[in-house]
Amino acid sequence: MYSFRNDYSEGAHPQVLQALLDSNLEQTVGYGLDPYCEAARSLIRELCGAPGAGVHFFVGGTQTNLVTISALLQSYEAVIAAQTGHICVHETGAIEAAGHKVCTVPTEDGKLTPAEIENVLASHSTEHMVEPRLVYLSDSTEVGTVYTKAELVALRDCCDTHGLLLYLDGARLGSALTSPESDLTLSDLAALTDAFYIGGTKNGALFGEALVMTLPHDRFRWHMKQRGAVLAKGRLLGLQFQALLKDGLYWELARRANEMAFRLRDGLSALGCAFPLPSPTNQQFPVLPNSVVKGLQAAGYRFEVDHAEGPDQTCIRLVTSWATPEDAVNTFLQSLADCKE
Amino acid sequence: MYSFRNDYSEGAHPQVLQALLDSNLEQTVGYGLDPYCEAARSLIRELCGAPGAGVHFFVGGTQTNLVTISALLQSYEAVIAAQTGHICVHETGAIEAAGHKVCTVPTEDGKLTPAEIENVLASHSTEHMVEPRLVYLSDSTEVGTVYTKAELVALRDCCDTHGLLLYLDGARLGSALTSPESDLTLSDLAALTDAFYIGGTKNGALFGEALVMTLPHDRFRWHMKQRGAVLAKGRLLGLQFQALLKDGLYWELARRANEMAFRLRDGLSALGCAFPLPSPTNQQFPVLPNSVVKGLQAAGYRFEVDHAEGPDQTCIRLVTSWATPEDAVNTFLQSLADCKE
Amino acid sequence: MYSFRNDYSEGAHPQVLQALLDSNLEQTVGYGLDPYCEAARSLIRELCGAPGAGVHFFVGGTQTNLVTISALLQSYEAVIAAQTGHICVHETGAIEAAGHKVCTVPTEDGKLTPAEIENVLASHSTEHMVEPRLVYLSDSTEVGTVYTKAELVALRDCCDTHGLLLYLDGARLGSALTSPESDLTLSDLAALTDAFYIGGTKNGALFGEALVMTLPHDRFRWHMKQRGAVLAKGRLLGLQFQALLKDGLYWELARRANEMAFRLRDGLSALGCAFPLPSPTNQQFPVLPNSVVKGLQAAGYRFEVDHAEGPDQTCIRLVTSWATPEDAVNTFLQSLADCKE
Amino acid sequence: MYSFRNDYSEGAHPQVLQALLDSNLEQTVGYGLDPYCEAARSLIRELCGAPGAGVHFFVGGTQTNLVTISALLQSYEAVIAAQTGHICVHETGAIEAAGHKVCTVPTEDGKLTPAEIENVLASHSTEHMVEPRLVYLSDSTEVGTVYTKAELVALRDCCDTHGLLLYLDGARLGSALTSPESDLTLSDLAALTDAFYIGGTKNGALFGEALVMTLPHDRFRWHMKQRGAVLAKGRLLGLQFQALLKDGLYWELARRANEMAFRLRDGLSALGCAFPLPSPTNQQFPVLPNSVVKGLQAAGYRFEVDHAEGPDQTCIRLVTSWATPEDAVNTFLQSLADCKE
C-alpha cells in the first residue's frame, strides 16, 4: 500500500537522475566550485532577480538551518520562531547546540505575525536576556499553511523597524509557491528575506537545498565547512538544481504534489472528514474516527498520527509528493470509505 | 531612600568580612583546595547529612547554573524548567550557549509539577527531538513561592521513574528554608536532588554559592576551570561559607530578610494592596495604583516593576535582605500611605 | 588533460549508480532506517566480524569526524592527533568548534606512536589542563602512509593502558587496506579501534562514509541529527555501500587506484624524481623541478602543490582513483618526460 | 616556611580591604553599573589616555580571556598564541570549548614575533582551514619575559597589515610594566592593542581583572552575562581597582614584587645557580641540583617544579608578590646555601 508518511519516500525525478548519469565520469573540482554549481547559481540568481545573492547548496534542511542561522548570529542573539517550527521540534535542538536560544511563539496556524514578534521583543531589553535577532519562518509551514505577499511584506517591515534578520525555511517551498493561496514568487522571497532556501529533497531531488542569501557574507563557506556541510562531489547538488529549475520542472512537480493533496482533501471532505487545520499545500490533516485510522493502518497504509482529537478521533497527516500516483490516492479514498462503513 | 530593588545591594555581614580580615595575610594554596574550603566542605556535608557529596564553590548563580547543568548533560539532552525560571529569563541564554535546549513550562506560581514534567516528556520520543534529562527548580522561586517536602518528594519520584536528574537553584535558599511555608531542610535537599546550591550572594556573603552534588562526578573541577569558574584565591569562598554556616548565621539572616518582607506585606495589605502572587519569602509582589508607584519613585524609592495589571495598576517587586533596616520598611509604608491619600 | 588533484573528481562507479536507479521509485522510510541501510549494516558487521557493532552512514568525512568525536567526548576531553591529521588541517577547526582541543604531535610520516601519545599524556595532569581522551588516526594517512597490524595493536595497548579511545579516519581506507604494505583487515579494525569509518566518497560512491562503532552508544543518532548529519533519503547511503561491499567491488576499485599510483611512482622514479615521503597508496608525493611543475600545469594537468623543497624544486601531490584511466597515467608520464628535456 | 608557589597565596593589600569595609553597608545597583565601578572606569580610561575605551571588570583571568576572545571572534576564526601561553596550557581548553582553535607557536622565550605570526597565516588560506584572526600575547609572559615598546609596535603593524586583532593578557601586567626591561605604559597598551587587561588578582586585589577594550563593542556585556561573568555586587571590583590605581599603589606593589624577585635572583646567582630563562619580573626560573630541590622541599618551602634539566638538575619556578617579606627571601637563600653545602 502507498505510504503518505512524507514527501521523501522515493528517489529523484528521472530527469534529475539522468543529469547525474550524463556527467558521471567527467572530472570537476570539488566542494561546489565546479561549473555545474556555478551554472545552477547563475540560474537561481536569475530566477530570483537577485544578481548579487550568495547561493549555497546543502544536502539537507536541518544542516541548512543550523549553518545559516549560526552563521548569522552572535552567541547572545536568539531566534524567534513559531512553536511548530521545524527548528523547535524536529531538529534535536540543533540551533541550541550551536549556542542560540529559540524564543517560541504559540500560533494557531504555524505562521508568525509582526505583533507576535514585537511581543517577544518587548520582554527582552537588557544584557540579562538574550537579544532576539532573527525571525525564522517556514513556507509552507509545518501545518501546511502558506504566507501571502502582504503578510511577508508586513514581516519584512517589522524586521526593518527592529533591526531583525528574516530567514525562511523552504523545505516545502515548491508546494508553497504553487499553492492557490500563495501570491509569492522567488523574486519576492529574495527581495523580502535576508536568506531563504529552495528545498529540493522534498520536491524531485535525491537530496539538496539551495540557500539564497541576499545578506552579504564573505565567509559563509567557512561556516559550512566547519559544520561538515560541504559535499566533496558538490556538483551533485548543482546538477540536480539545474535539472529541476532550468525548464520549470520544479514547479511542475510541486503542482502535481499539491493536486494529489487536494484530491485527497476533497475526497476526504466528501466522506465527511473535518479539517480543523485547513491546508492549501501537500500536507493534509484530516480528522478520522480512531477505528478508521486503525483500519487504514491494518490495510497497510502509512502516515503520521498528528494528535488525538478527543477520545474517539485522531488527526492524521497525509503527505503527497511529485511521485504520488493518482491511483494511490483513489485507492486510499476507497479504502477509507470501506473502513467508514 | 532605601532601595528594595534586590537582595544584593549591600556588601557582606560584618562577621563574614571579619573572617576575610583575620586570614588576609596567611598563605594558602589556590583554587579552592585550601584548608578553609576543606573545612567549609566538611561543614556543609555535615549540615546536609551527605558525607559523600561533592561541594564546589562558585562566585555567582548564573555561573553555578551553567557549569553544573552543562557538566551533567550530553549535548542532545535538554532541561525542563518553569517559564519564570532564572535560566529561562535572566541568564542571557547561558544554558543554550552551552548547547542545551530549555523546555519551558508556563506555570501559575513558578513551581513545576510531575504532571507538567511528564507532559514535556510525552512530546519527546525520537532522535529528531532533544531528550529532556534534567529538571531545574528554584527554591524560593523567582516569584517568591516555595516547595514543600511533599512536593519535592513527588518530583524526585517522577525523576526516578523517568531517569531524570533533579537540580535546584538555591540563590534564595535561605529565604526559602526559613519560610513559614517550608518544611524542607538541607538534608532533604541533599537526599532529594542530584545537585543544589546554597546561595550566599543574596544572604550575607560578598559573593558565593555552594554547590552540593550528591551525584558522583569525578571531573567536575575540569568543567569549572574550563568555564573560568575557579577563583584563584578560592579560600575567600570557603571563609565566607564557614562564617555563615558554622553558627547558624545564615539562617538568622534569612529569617530577618523574611521578617522584613512580611512586615512590608502586612503593612501593604493593611493599606489595601492586593497580592495576586502571594509569597512567603523575601520577595513581595504588591499591586499598586500607577500614581502611587510614581509617587514612591519620585520620593526616591527603588524597586523593580514586575508588570502592568490593567491600565491603572502596576505589580511591583519589593525585595528585602538581612541588611534591610526595620526603619526603612516603616518609612516606606508611611510614604506609601502618604501617596495613597 | 587529466586531473590528479584528488580522488573525488568523478561521480560513482556504474554499479553504484545502477543500484540507485533500480530502487528509485520504491518507497522506503527515511533517515537510514530503511531495508537497504539495514542490509548494508548487516553486511558491514559481517565483514568486520563485529555482530554487535553500531553502523552509521554519513554523507562526508568531516561530518563523520565531528559527529563521532564530539559524541564520544566530554567537553573537557581532548583529541591527540598527528599534526598532519585531516581534523588538524582541513576541517576548519570543526573539532574545536564542537568544543574540543586537539593536541597535535609533529610526525615524520603522518603516523602516531605510543611514545608520542604518552608524551602528550605526561604534560596533562590536573583540572587546569584538558584531559586527552581520544586518539585520532588516519589510514591511509594524509601523506599516503599506512599502519601495520603490529603498529595498531601497540596503539590499542597504549590506549587500554591509559583509558583512551581509539578512532580511525578511513576516508582512504580502501587504498590503505589494499596497499602491499598493509596487513590489516576490516575485522582487525573493528577489533582494535572503538570506531572507524569505511570511506565511500573517495572509492566508488557518489558520497558516503560508513562508521563502524564497537563502543556501545545508544544515543548516537541523537548526536547525528543534532549536527544535521542524518540524510532524509538515507537509503541512498545503504544502497551504495551494499553495491560496493557485497561482491568486493570496494577492494577491486581501491586496488586499481593503488596500481595507477604505483605506475605513476615507478614512472616518475625512472625519470629521476625523488620521493622523500614514500607512499604505498594512491597518493604520491614526487619532487619535481619548478620548471617541470610549471610545464605540466601549462599543459593543463591539475594537482596540488604540497610544499617547496628548496628554491628550485617542489613537492607535488598526485592522487589516483578507481576512475583513473591507464592512458591518463601514461600521457602524464610522457608529458613530464617532455618537460624535463 | 614561605611559599613561592605563586603570587596569589595571600589576600589583598590592606588599603584594598579598607575600601571594601568603608562601603560595606552602602546600597548600590548591581552588576558593575554602580558609582564605584564608574569611577574606576574613568580613572582607568584616564590612566590609559583612552577616553573612549570600554572598561569591564572580571573576577579572574581565565574568565577574562574566554569572554573577551570569544566575543571578538566568529566561530571559524582562530587565535595565534605562543605555545607557553596561559590559554594553551592552563585554562582547560576554555578557548576551544568556546569553539575556537588556538594555533600555537613554539618559542624560546614565550614571546611572539611578526615573523612567527606571518608563518601561521601563510598556512591558512581557504575555507578548509580556520582563519587566524586574533593574536594573544601575555605581558609578562608565562616564563617571566616582557615585551618592549618596539616589539609591541612591530606586532601592531603586523596585525594591521593582516587584519588581525591584538589582545594582551595582563594577569601580571604590574610586574611587566614596572620591570627594568619594559618601556611600555598603560597608554601604550591602550594605543597598541585592541584589548588588554590589568591584572588585579596577582597584584594586591582579593580578585579582579580590568579589561580595557579600545575596539568598539556595544554588546560586550551580553557576552559577559552569558558566560556567568558578571558579578552581582560588581562594585567590589570597582572599589578594588580604585584603591589600587588612584594613588599608584598598584605600581608600588608590583615594584616590590619585582624587587623581591631580583633579590632572589641575585642571591641564587651568587650561589652559582644558572638561569637559562632570564626573567626581569616576579617569576624566576633557577636551575638547582635535584638534591637541593629536595632539601628545600623537606625544609617546608613551596614552589613549582618547571622541568627537569638533565638527570641531576631541575628548573624550578619561584614567584614573589607584593606580600613577600624580605625576611622570607633572605631565609630562603640561607636555606638554599645550607642545602648546597
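Letters are used for the chains, namely A, B, C and D, taken in the order the chains are written, and counting of residues starts over at 1 for each.
Simple rule for what comes next: contacts are C-beta pairs under 8 Å (C-beta built on N, C-alpha and C of every residue); 3 or more make two chains touch, one makes a residue touch a chain.
All values reported here derive from a predicted model rather than from experimental measurement.
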Candidate from B-C, A-B or B-D with the same interface as A-C, over half of contact pairs in common: B-D
More contacts between chains, C-D or A-D: C-D
Centroid spacing, where centroids are CA-atom means, of subunit B and subunit D in whole angstrom: 34
CA centroid of subunit A to CA centroid of subunit D, Å: 51
Between subunit C and subunit D, centroid-to-centroid distance (C-alpha), Å: 42
Residues within subunit D bordering two or more other chains: 75-76, 91-93, 97, 127-128, 130, 222, 225-226, 230
Graph class of chain-chain contacts, one of line, ring, star, complete, other: complete
Complex interface listing, subunit C residues touching subunit D: 75-76, 78, 89-93, 96-102, 127-130
Residue ranges of subunit D touching subunit A (in the complex, touch as defined): 70, 74-76, 127-128, 130-131, 219, 221-226, 230
Subunit C residues within the subunit A interface of the complex: 2-3, 5-6, 8-12, 14, 17, 20-21, 23-30, 59-67, 91-94, 97, 201-202, 206-207, 222, 225-233, 236, 323
